[in-house]
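Comments concern the structure below.
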Amino acid sequence: MIYITRREQFNAAHRLFREEWSDDKNREVFGKCSNPNWHGHNYELFVTVNGDINPDTGYLIDLKHLKEIIRVYVINKLDHKNVNLDVDFMQGKMASTEVLATEIYRQLEVPLREQGVNLHKIQLFETENNYAEYYGD
Amino acid sequence: MIYITRREQFNAAHRLFREEWSDDKNREVFGKCSNPNWHGHNYELFVTVNGDINPDTGYLIDLKHLKEIIRVYVINKLDHKNVNLDVDFMQGKMASTEVLATEIYRQLEVPLREQGVNLHKIQLFETENNYAEYYGD
Amino acid sequence: MIYITRREQFNAAHRLFREEWSDDKNREVFGKCSNPNWHGHNYELFVTVNGDINPDTGYLIDLKHLKEIIRVYVINKLDHKNVNLDVDFMQGKMASTEVLATEIYRQLEVPLREQGVNLHKIQLFETENNYAEYYGD
Amino acid sequence: MIYITRREQFNAAHRLFREEWSDDKNREVFGKCSNPNWHGHNYELFVTVNGDINPDTGYLIDLKHLKEIIRVYVINKLDHKNVNLDVDFMQGKMASTEVLATEIYRQLEVPLREQGVNLHKIQLFETENNYAEYYGD
Amino acid sequence: MIYITRREQFNAAHRLFREEWSDDKNREVFGKCSNPNWHGHNYELFVTVNGDINPDTGYLIDLKHLKEIIRVYVINKLDHKNVNLDVDFMQGKMASTEVLATEIYRQLEVPLREQGVNLHKIQLFETENNYAEYYGD
Amino acid sequence: MIYITRREQFNAAHRLFREEWSDDKNREVFGKCSNPNWHGHNYELFVTVNGDINPDTGYLIDLKHLKEIIRVYVINKLDHKNVNLDVDFMQGKMASTEVLATEIYRQLEVPLREQGVNLHKIQLFETENNYAEYYGD
């Protein structure tokens, strides 16, 4: 069993808030992260897959394919976007690093399985000081 | 003459566009950077000052003071904000890295001179792949 | 189950030696790390906690709280200190990266549990070339 | 149980291809990675070992010894070399990151066990965007 | 006057040697860098241009154009190539970081001037420990 | 004219204080940096030299020689040492990053000139957030 990880990046705006809460309650719970005019990040995404090495190629998976799947299902939907407003798979969800990591996992799980590899982990850096990791259920 | 540089960071949303241009024109010129719903970055700011070492302390300037000035005049105004909407010194200006770097320079020049040091350079990273530098006029 | 990691840093002096050993024996075993006049590091600490996402906030834990706990129980005791002389929880212990990582784990385990999260891992970088990891007993 | 990781680096040339395949087939499968004139990388290697802390030293293993073993069995054979042509333990094998990581594991497993530690993981970065991890069979 | 820097990367094989010297002489002068079977690096290239900000766009130069010029004139010629054998502008030249940096400068100077910006500096990292800088003649 | 930079590192203890000042005065001026039991850093040193490329080798200077000079005159004196107590060229001087950078410059200027290169700049990082630069008088 070998593990391969691919790094990708996206630059996005977001905001932490609950519509059903007052501005004051949102500010109390989420602080500056609830700024109604949004803020943003250079998110760094590490996608780890595992499986057996293909003896013909020495590859677990051709990284061009891995990169293409991540771009189609994740990066193109998030890069230079607003996580709360523009991203289909984040509609009605909190735009926290935790939730974003789990939803990115759900986007990639099936397409990667169809390529013959198992999605092991999503690691998502919001800043150089914070990251979330999700291994599926 | 010694040079001292302090790194600070801020996470902000922004958008590149001209109000007097149509959406199509903005998209043509600024591409995905003109997304009407904003996007964002972890900006990395390096402030370089120069001058003579104080023989009593071995310091050019106490870094606590340098950090405090950068926070009051720049970081507190930009961190977790929208560069286009929330920042007094960016009103009516393009929110490009180039313009932001020059305006940060203008914010810091006088307060640093009042502390006895000369502002030498502003270096502003928008991503790990792009940065602007401004040395004043 | 989601994992969240917070990075913190501290700058400290330390020395590797056993009081009951001669200077020669200490030099033989610990080499330059036993310098009687100390040396030091910019330690980089990654604290990983896990648990369930709070559906109200999208958080595992508010990072402000996580940061505050790490500061009170670890950083304030270690930053700009001497690991051998100044740190209550390191008294009578070897100031190696391995031991320091395990003792930081013990400092944080209970306070984090009281916040409703499980301490999963302490990762401690002594330099960019060496780090220790501890997952508890 | 404590884990210690040591980072080492080597700069090497390599090429992905199968001798029994035509140039066209190699180009189709491996793309620019099959360039007959080679290309190369600054490989970054992280070797993680685990075991119990020695109560006398506070060490899992003296990092000088860990470093020496990695140099003798891996770095000296790979640094400033051609992975396909110059490296004894890669003869007849695909020079992919996956295969290289597993073969480095095999080089280090026994010598590290003889030092009283268990080899836990090989992590090998080919670029800042790709890495392989291998934990043994 | 504003300065903008763009980072690009390329992975290449190379070798330091003089054809008119014996293998022994080459090994004496260039050491392991003269390995006849080549070695390689992940080169990191920083291209700095300067000029005036365009008041319409807030740009010095559209980074998409800067990136495209660097790719056409430099990256496409060097990435996954052999610096000594495959690169037109390096024929008959030493493949040292110093020479490579000056030749990259010469490749980019005119195309960038035609875009209305001045090429200020080429900074080329061979490893994280070594880089060359060239500002033109 | 070409510029070459070499990165080296050293781990050292230090303290900011003036012997002729009271403990209170030292604490007032230098804060936690005056801890009588010392603290420490992983210092990162970048030494930049300039001159003409040697047409025989393509080198400005053989990096093995540059590295050796930095080790003999600087790293061996500072690594795993106490900057205030153990370092001959820092006796009686403030152990600030500014002063240390200027004194390292003075250590290297003559030996490098004797190798036929000009010392252009010393850049010294105390942490990832602070660095000093010195270009000579």
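Chains here go by letter, A, B, C, D, E and F, matching the order in which they are written, and residues are numbered from 1 within each.
One rule holds for everything that comes next: contacts are C-beta pairs under 8 Å (C-beta built on N, C-alpha and C of every residue); 3 or more make two chains touch, one makes a residue touch a chain.
This one's a predicted model, so the numbers in the text were calculated from it and none came from an experiment.
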| item | value |
| --- | --- |
| Any chain in contact with chain D as well as chain E | none |
| Touching chain A and also chain E, the following chains | B, D |
| Copies chain B and chain E touch via same or different residues, half shared test | different |
| E-F, B-E or C-F - pair sharing over half of the D-E contact pairs | C-F |
| Between chain D and chain F, centroid-to-centroid distance (C-alpha), Å | 34 |
| Chain centre separation (chain A, chain B; CA means) in Å | 28 |
| Sites on chain F at which at least two other chains make contact | 128 |
| Chain pairs in mutual contact under the definition given at the outset | A-B, A-C, A-D, B-E, B-F, C-D, C-F, D-E, E-F |
| Complex contact set, residues of chain E against chain B | 1-8, 48, 53, 56-60, 63-64 |
| Chain A-touching residues of chain B, taken from the complex the two chains share | 9, 11-14, 32-33, 35, 37-42, 79-82, 85-86, 127-128 |
| Interfacial residue positions of chain F with respect to chain B in the complex | 16, 18, 29-31, 93-99, 101-102, 128-135 |
